Amino acid sequence: MIIAIKRGASSEEVKEFSANLEKKGVKIHLSEGAIQTIIGLVGDTTGIDAEALQAHHLVEKVIRVQEPYKRANRLFHPEDSRLDIALEAGGVQSIGGGKLGIIAGPCSVETREQIVEVAVAVKKAGAGFLRGGVFKPRTSPYSFQGLGFEGLDLLLEAKKASGLPIVTELMAIHQLELFDPVDIIQIGARNMQNFTLLKELGHCRKPILLKRGYACTVTELLMAAEYIMAGGNDRIILCERGIRTYDTYTRNTLDLAAIPFLKKQSHLPVIVDPSHGTGFSWMVPAMAKAAIAAGADGLIIEVHNNPEKALCDGEQSITPAAFAELMEVLRKYAAIEGKTI
Amino acid sequence: MIIAIKRGASSEEVKEFSANLEKKGVKIHLSEGAIQTIIGLVGDTTGIDAEALQAHHLVEKVIRVQEPYKRANRLFHPEDSRLDIALEAGGVQSIGGGKLGIIAGPCSVETREQIVEVAVAVKKAGAGFLRGGVFKPRTSPYSFQGLGFEGLDLLLEAKKASGLPIVTELMAIHQLELFDPVDIIQIGARNMQNFTLLKELGHCRKPILLKRGYACTVTELLMAAEYIMAGGNDRIILCERGIRTYDTYTRNTLDLAAIPFLKKQSHLPVIVDPSHGTGFSWMVPAMAKAAIAAGADGLIIEVHNNPEKALCDGEQSITPAAFAELMEVLRKYAAIEGKTI
Amino acid sequence: MIIAIKRGASSEEVKEFSANLEKKGVKIHLSEGAIQTIIGLVGDTTGIDAEALQAHHLVEKVIRVQEPYKRANRLFHPEDSRLDIALEAGGVQSIGGGKLGIIAGPCSVETREQIVEVAVAVKKAGAGFLRGGVFKPRTSPYSFQGLGFEGLDLLLEAKKASGLPIVTELMAIHQLELFDPVDIIQIGARNMQNFTLLKELGHCRKPILLKRGYACTVTELLMAAEYIMAGGNDRIILCERGIRTYDTYTRNTLDLAAIPFLKKQSHLPVIVDPSHGTGFSWMVPAMAKAAIAAGADGLIIEVHNNPEKALCDGEQSITPAAFAELMEVLRKYAAIEGKTI
Amino acid sequence: MIIAIKRGASSEEVKEFSANLEKKGVKIHLSEGAIQTIIGLVGDTTGIDAEALQAHHLVEKVIRVQEPYKRANRLFHPEDSRLDIALEAGGVQSIGGGKLGIIAGPCSVETREQIVEVAVAVKKAGAGFLRGGVFKPRTSPYSFQGLGFEGLDLLLEAKKASGLPIVTELMAIHQLELFDPVDIIQIGARNMQNFTLLKELGHCRKPILLKRGYACTVTELLMAAEYIMAGGNDRIILCERGIRTYDTYTRNTLDLAAIPFLKKQSHLPVIVDPSHGTGFSWMVPAMAKAAIAAGADGLIIEVHNNPEKALCDGEQSITPAAFAELMEVLRKYAAIEGKTI
């Protein structure tokens, strides 16, 4: 961290200010120039509050050189993290480290027939995981809110029928106790900065699929992961799912540059949600391919056996047939990138 | 709600589709033209999921005419809502309906001396409410997270010393049981779409200060209020506190047009946070005045007795002296608008 | 400007790099620390290209301390600039330095009757300037593009009839020769970064009303002014007219914090366009008042004698009667701020 | 176009309003319901100003069903447009219709050695076109503004030496007369809505590379193309180059979903600029691959023989060696998509 001091500050003031900083456990490198005085902070500055410093009357500017995240930082963990999920039938299903994780399934679990049919179909097409929402964050209190724990039972039946590990969204910490048979807990975009929830997730040992908030920076996404990791849980998958911008021709603006950025800054696996990222089923294949080409470690795709009758997000769901076709092409892309599905 | 049907749809298909819609409790007005067929939905359409409809193969476009909120809608509640808080010393302190509510205090409760000193000072200057955070949503897990319930005790001492009703942020539902002596519960921007929390707040009878999410639309803010109101709690204050845009010279972009819009669409009181809305103490007076001029029902302003040593948000906090000076000017603005502080 | 050097750079490399920087006319203050080496650049750094420096393999980060604008900078011109327009009938009409400039008139000049009627009406209500577009930047080539020079003749008739100086938009440099009788040349949001045009405007001596691009930062606005001023023309009025954000309930998001920011950073007058800034006539009074309360030096407001039949932007135009009523209130706000209309 | 009429409007008013609309050359389909009256406009509505209609007191909402562009619309031109550039040595170089156009070269032409060396190198690696700026739109008047026509001479030498057709940016219409030997005229993001310039370009017969404005919608990009096409010039390439959003970890947010959208709505070729789209050379390969995977018809990539000494945009320029390596991979991606470079 570098602090540029305002002109006119006295040498005594600067020394007192520096001494106070040193008490926070960092080393100070003071450079008093004729015109510009600069203080360099060396050591672990993640605990130094740059915003608070900025309020000090001596301070002109505060510049972070070091990233504010540690456990999520590739600097301290150079190899890719790979998430392994043990399968009930034996073996593991992995995401990261050269293995593409493809998560597929409907936005919401609706009926036993629906979820089992979709599960079996996506498994056949090569998906590695089944998704299905049972608690749904909806903008309107009058919209379908998901089947709740009843839906979770149906999802477990589909897990059994297909052999696929399951991914579903948790919306509140009290739901956690019944999430034991869930293989990967999804934290949705609207809860990415629910810090109380993140802290609690740090204490569990479940893999977390952490979706980027729709108006959060990539650094904030890494800080959300850091909240969980600081609690001791480092089994995290990051997910780019589109951000909110001025253009509304897509539901969100899928920010694929986040993939190379997150992969460079962090060792955590990064996947992409082209369904929410665009909002239109016809765009899903193009953006799924683009995500793999940009280096993603996997995808989460909405697949519904009857999109027109879906209770939620039908417009962005593809059919099992379209999914199977897409998987064929994705295997070719994966091969170029030296990865396997 | 108006549904434009795709060209080429057969009359039978359209009739079947219309019949299905009618089962959802709305009346159908079908207009089959030579070139464009249109279905009008009449009645309460708040329960109809426009997004789901959009996925149907017959549908070209879905257009909402009716607003998706009911209880927050001024249409069904033409008079301004006024929130009255009973004072321990007797009498009430109000927000809305011609009465400006000025909430002032530090970002975080830090020490007994700090919070009591600020409370007494802002009360003397004319503030109607004391704010002070004890649970702080911070981007980094390594930043100061607030004093927790210990801070709440200090805040209650300041309430006693100053006679001001208190406002503080709730971050998780389990904190609610200890919030009994809190007069107004603040829901922060990052929790505006924490729907599980909103539902629970609908079951309590505490006034809620609901801050707009930093990337939420004004309609989403009203829908968040609707979540709480649908549960039976209509004691809500809406708060504009700045949104995230491409320009970063201010911490957020304060969207003051939200005031006339929210006042037109809803009967709920609307206040403004010029501290978070700009991030700089020197901008707070200009934007506080602008908010009142634009029709706000009140303000929430960060005041700290020593901004340079604040543990949080010092850069945007004004001193008690600056606050007192601002209040003098605000009274003149209020008078023009026919309001009192 | 401060340059943080990457770790591992050799002392020789840094010295050679510093020597090259010195050749660009700045003084170098080199601070080699055990862990972090920093180079401070002192002097006029406006000609140093921070982006180009960032590409150098030795550079970790480049931080501007000095603002990149000089002539627009209040640092070098502490007093407010006031723009005086000589009136044909004698006397001057001013904007800035305690004098509010109110510019009113239709989006487009349509007919002699329309523009003369509006001109006389807004003059009577107290406007200081008449606006009216003759060249219109329209998103569609099939929309009304303005009356062109024929419209300019009508505008001049209205100038004569009302005695008001006129403001109209210039879209291309070849139009300049016929703009001699125009008192203030407006440069629209879409041309704010038409650098070729800005350079040419630097060579004329007409006052320029420079509107902020709808996705430009406030610093970019000041740099656009700097382009004109670098050519020798310092008669500039800055205009905030709303920016593009994710929320579309208003046509643009009016960024009123730009007023205190621009007034602090620059000596140039700053006005606000609440008509384009909101897109709705019913919001114009609230935002006009807010702009004055936030410290604006004036307003540009669309007034049309028959908004429903306006060929352009009728939805955001107020009637002459509404304008007169607004002016009454604005005088009260101006008085509080110690300004006159 | 569909117009929802406000409740309470009298039948006579609606009929008069309809009759006036009919005079604009469209057919009216009036549907008067008990509760909601709707007017459908049938025929060519591109000349109807939806914004102006919205101001009418009878109008509740105006909804466009038809797209506002005609000549750029795939509806009226179902096959892909392919742009063929005749080579001086004979033969053609194409973009679109299964042929990927790869444009490479430095941000700015700097010296004869630089531009010739880069030209020969990118040609060898398989580029189809050479780019190089001679007029540079720079935010600061004090930054390097390009070599001007002197630079154009150097670019022409590089064209001769390499045999590559050249692409360079035009900033003002008076430059056009000297652009005769230029093969493709680039219109930069800041001029995408310089409507006067677009109209003039409609009268020339040069191919136009039209870059999306950094805060323009995809529909506005198509309308800018429509401006040129309305003048008779349909040799246009659309270019996605990143948009401005709240996250600044990249220079711009590359919106790759624009590719499938533009390809669906329009017959024009669509290319991508991963250099400006990210601002970092190390991200260019990932995003170049993603663009091809998403269906782009080509790329424009900044290549510099010495990025660290580049006078402009060095940080985002890749070396000729990196470019050659990237081309190898791109050929594999092109093959999957059934395209050739």
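All chains are identified by letter, namely A, B, C and D, in their written order; residue positions are counted from 1 within each chain.
Here is the rule we use: a residue touches a chain if its C-beta (ideal position, glycine included) is under 8 Å from a C-beta of that chain, and two chains touch if they have at least 3 such contacts.
Here the structure is a predicted model, which is why all the values come from computation and not from measurement.
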- Message: Let me spell it out: compute each chain's centre from its C-alpha atoms, then which one is farthest from chain D's centre?
- Response: B
- Message: Of the pairs B-D and B-C, which shows more C-beta pairs in contact?
- Response: B-C
- Between chain B and chain D, what's the gap in Å when you average each chain's C-alpha atoms? 40
- Compute the distance, rounded to whole Å, between the mean C-alpha positions of chain B and chain C. 32
- Return the residues of chain A touching two or more other chains; collapse runs of consecutive numbers into ranges. 215, 244-246, 248
- Can you list the residues on chain D that touch chain A in the complex? 215, 217-219, 243, 245-250, 253-257, 259-261, 264, 277-278, 282-283, 286-287, 289-295, 329, 332-333, 336
- Across the complex, what residues on chain C touch chain A? 2, 4, 27, 29, 31, 33-36, 38, 40, 42, 60-61, 63, 65, 215, 244-246, 248
- Item | Contacting residues of chain B [partner chain A, same complex] | 46-47, 49, 51-52, 54-57, 68, 135, 137-144, 171-173, 190-191, 193-197, 199, 213-215, 220, 223, 226-227, 230, 244, 307-308, 310-317
